[in-house]
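Everything on this sheet refers to the single structure shown next.
Letters are used for the chains, namely A, B, C, D, E and F, taken in the order the chains are written, and counting of residues starts over at 1 for each.
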Amino acid sequence: MARLGILFFNGPYQAQASETVIKLAEAALDKGHEVRIFCYMDAVNALLENQKQIEGIFNIEEGFREILNKGATIRLCNLCLLVRGTMKNCLKKECGDVKRAGTPDLAKIIEETDRLVVIC
Amino acid sequence: MARLGILFFNGPYQAQASETVIKLAEAALDKGHEVRIFCYMDAVNALLENQKQIEGIFNIEEGFREILNKGATIRLCNLCLLVRGTMKNCLKKECGDVKRAGTPDLAKIIEETDRLVVIC
Amino acid sequence: MTEEKNIVILLRQPPHGTLYPVEGLRMSVAVSADFDPITIAINDGVYAFLKNVDKTMYSMHIDFLKDIDLDIFIDEKSLIERALTKNDLIEQVEVKEHAEILKIIENSTVTIPF
Amino acid sequence: MTEEKNIVILLRQPPHGTLYPVEGLRMSVAVSADFDPITIAINDGVYAFLKNVDKTMYSMHIDFLKDIDLDIFIDEKSLIERALTKNDLIEQVEVKEHAEILKIIENSTVTIPF
Amino acid sequence: MKVGKKVLYFITSEDITGVELAIEHSDEDEVTILLLQNAVYFANKSNKAVSQVLNQNKTVAACKEHIDTRGLSNFISDKIKLVASVDVVDLIFENDTIINM
Amino acid sequence: MKVGKKVLYFITSEDITGVELAIEHSDEDEVTILLLQNAVYFANKSNKAVSQVLNQNKTVAACKEHIDTRGLSNFISDKIKLVASVDVVDLIFENDTIINM
C-alpha cells in the first residue's frame, strides 16, 4: 500500500499521455495503491464530458470514469480550465473524487504521496 | 485580392499556433484577401466559447471572433469535435461563417484558394 | 478551377504516441476525391509502415489509397538512419532514394506536414 | 509528513511558442509554499532568461522566487551550445557548470520537467 | 517541370527537417525559407543548417515579431531578412509554391 | 548524500536529454532508465545514447506494450528489459527517486 502521484500536461487524443495516465493509475489501484492525479494545462480537457465513443479509439472519458470509480483522486487546474472555456463541461462529483483545484494542490499531492511521476 | 487557406492542428494556449493563425488571417483580411481556415485535431478547441480573458494572455476566442467579423471562413473537423466532447461549445453562426465540416472540406479549401499554409 | 495542384502529405511523426500520422493518412484519403495526393513518410514517419506496428487506426486508409492507385513513398535515408530496411515494411509502400523524395517535394504545389 | 523532499523544476522548452516554461515557473512558485524547489533551465529553456525576451507572462514568477531566496540555475553547457553567455542573461539567475546541474538533479527526490 | 519557380519553405515547427530539405533544393528555383514561431530559434548564429543555407543562393527570412518577443535580435546573422508579421502575407502570395514544415 | 540509492529515469517524452543525463549519472547510485510512449523509439539498436548506457552498469527498461504497439521488438537490443504495463507501478515504488523527463 503506497501512494502514487501523477502529473500530466496534454489534452486527450492528440497525445498518448492521458491514456498512459489511465493505464498506470488503473494498475496502481488494482495493486491496492492510492492514486492522486493532477491535470495541468491542456490535461484538464481530458476530463470533459460527452467524448464520443468511436471504434478503434480509446475513450479517455470512460477511462477516467473507471479509475475515479476505483478510487483515484483527480484535481483539475482551475486557471487552465477558465482560460480554455471548458470549466463547465468537466466530469462532476457524482463520478468520484474529481474537482477543480489550484497549483498549491499539486504541492499537497507531492507532499502526501510516496512517488510522483510526470507523463509528458 | 487573393485567397489564402490556413490549416492548423493545435489547441489554444498550449502552443502558439492559434495566435499565429489569427494574426496571419487578420493581416490577410486587412489587405483585402479572402481567408479560409480549417481546424483539424485539437485546433477545433480554439473556437470554444467562454474562454476567460486573463491579463497578459492573448484571448484566442476574441481573436477568432474578430477575424470572423472581418469575413474569415472557418471550418471545424466534425469528428475531432465529437471525440473530444466539445461539439456543443463552439462559436455559433451568429459570430460569422463558422461551421462544422468534414475532411473533404479541406480539399475544397485547397482547390478554391491560391495558397495553403499550415501552422504547426 | 485553378491549374492542377500537386499535393504532398508528409508524415514525419511516429505512428503512436500522437494522432498525427493517423490524421495525415485520413487527410490523404479525404483530398483524394479532388486531387491525386502523394503520401511521403520521412523521419520517424517511416515507423508507421513497419510490418508489426499496430495499424488498427489507419490500415483502412492505407488500403483505400492503394485501391485507388495512390502512392505511399518512404524516404530511404530515414530508413537507413533507423537501421531499417525495405523488408521490415509492408508491401503497400515503395521505398525511394532521398533525392527522389526531395524532387517530389520540390515539385509539389502544397505540402502538408503531419 | 514524510522526509524532506528535494524538488527540481526543470525548464527545457523555449519561453514562447508554448506555455511550458511559464507554467513551469508558476509551478515553482506554487510548490514554494511547502518545499524549497530549485528551478533549472536546460536546453532551449535557457532562452527564457535572456535580457531582451518578453517576460510579461512570467517576470512576476521570477521576482517572487528571488524574493523568497529560491535559486534559478542555468546549465552552462546549454548556453554554450547556443552561443550565449552569462552576460546575455538577467541578473536573477545563476549559471552553473553542467556537472553541478547534474549533481542537483541526481540529488532531487522529484524532478518535474516542463 | 517549370524552371525558376519561386518556392517558400514556410517553417513553423521546431523540426529542422524543413531547413535541411531547403539546403538540398534545386538551384533552378528561387528558394526562400521563412522561420516563424519557435522555428525562429534556428536563426541563432550557432545553427549550422541555417548558416549553410545562407552560404547558398537562397534567402532566409524570419518573422520579426517572433524574433523580438524571444529577444533574439542580437543573436542572429545580419543576412537574415526580418519580415513584419503583416508582410508575411505578401511573401506567401509572391511565391508559387509553399512547402509547409 | 545517501550512497547507493536507487534512481529511476522515467522518460515519457521524445527528448533524448533524459538518457543523456542518465549516462552521466554517478556510479554510486543504482540507475534504471524506463522508456515509455514515444521514448521507446530510443530503444532502437541504432540509438547511440542508449547503446552507451547499456555498456555502463545501468539498466535500460522499456514498457512492453508500448514497444509491441509500435512493432519494435525486432529492432531493439536484447539487453533492454521489457516491463509489462502493470509492472511499471512496482518499478516506480522500488526506486527511491524519480527523475521525470
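Note that a contact is a pair of C-beta atoms (placed from the backbone, for glycine too) under 8 Å apart; a residue touches a chain by one contact, two chains touch by 3 or more.
Note that the structure is a prediction, hence the values are computed from the model and not measured.
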Fill in the blank from the handout: Via touching chains, chain E connects to chain F in a minimum step count of 2
Handout entry: Intersection of the contact lists for chain A and chain C
Key = B, F
Exercise for the section: Taking all residue numbers used at the chain A/chain B interface, answer same if over half belong to both copies and different if under half do. Expected result: same
Practice task
Could you find the chain whose CA centre sits the greatest distance from that of chain C?
Solution key: D
Completion exercise
Taking each chain's mean CA coordinate, chain A and chain E are separated, in whole Å, by 40
Problem - Centre distance in Å when chain B and chain C are each reduced to the mean of their C-alpha atoms - result: 26
Fill in the blank from the handout: dist(centroid_CA(chain A), centroid_CA(chain B)) in Å evaluates to 28
Problem - Length of the line joining the C-alpha centres of chain B and chain D, rounded to whole Å - result: 34
Handout entry: Junction residues of chain F, two or more chains touched
Key = 13, 15, 37-38, 98, 100-101
Problem - Set of chain D residues in contact with two or more other chains - result: 16-19, 110, 112-113
Practice task
Going through chain A residue by residue, note those that touch at least 2 other chains and give them in order.
Solution key: 9, 13-14, 16, 41, 57, 114-116, 118, 120
Problem - Chain pairs in mutual contact under the definition given at the outset - result: A-B, A-C, A-D, A-F, B-C, B-D, B-E, C-E, C-F, D-E, D-F
Practice task
Note which residues of chain D are touching chain E in the complex, please.
Solution key: 14-18, 44, 47, 50-54, 81-84, 88
Exercise for the section: Please give the residue numbers of chain A that touch chain D in the complex, ascending. Expected result: 7, 9, 40-41, 102-104, 106-108, 110-112, 114-116, 118, 120
Fill in the blank from the handout: So, in the complex, the side of chain C touching chain E is made of residues 10, 12, 42-43, 99, 102, 105-113
Problem - Residues of chain C defined as touching chain B within the complex - result: 1-2, 5, 7, 19-20, 23, 26-27, 29-31, 33-35, 110, 112-114
Completion exercise
Touching chain A in the complex, chain B uses residues 9-14, 41-42, 45, 48-52, 54, 57, 61, 79, 82-89
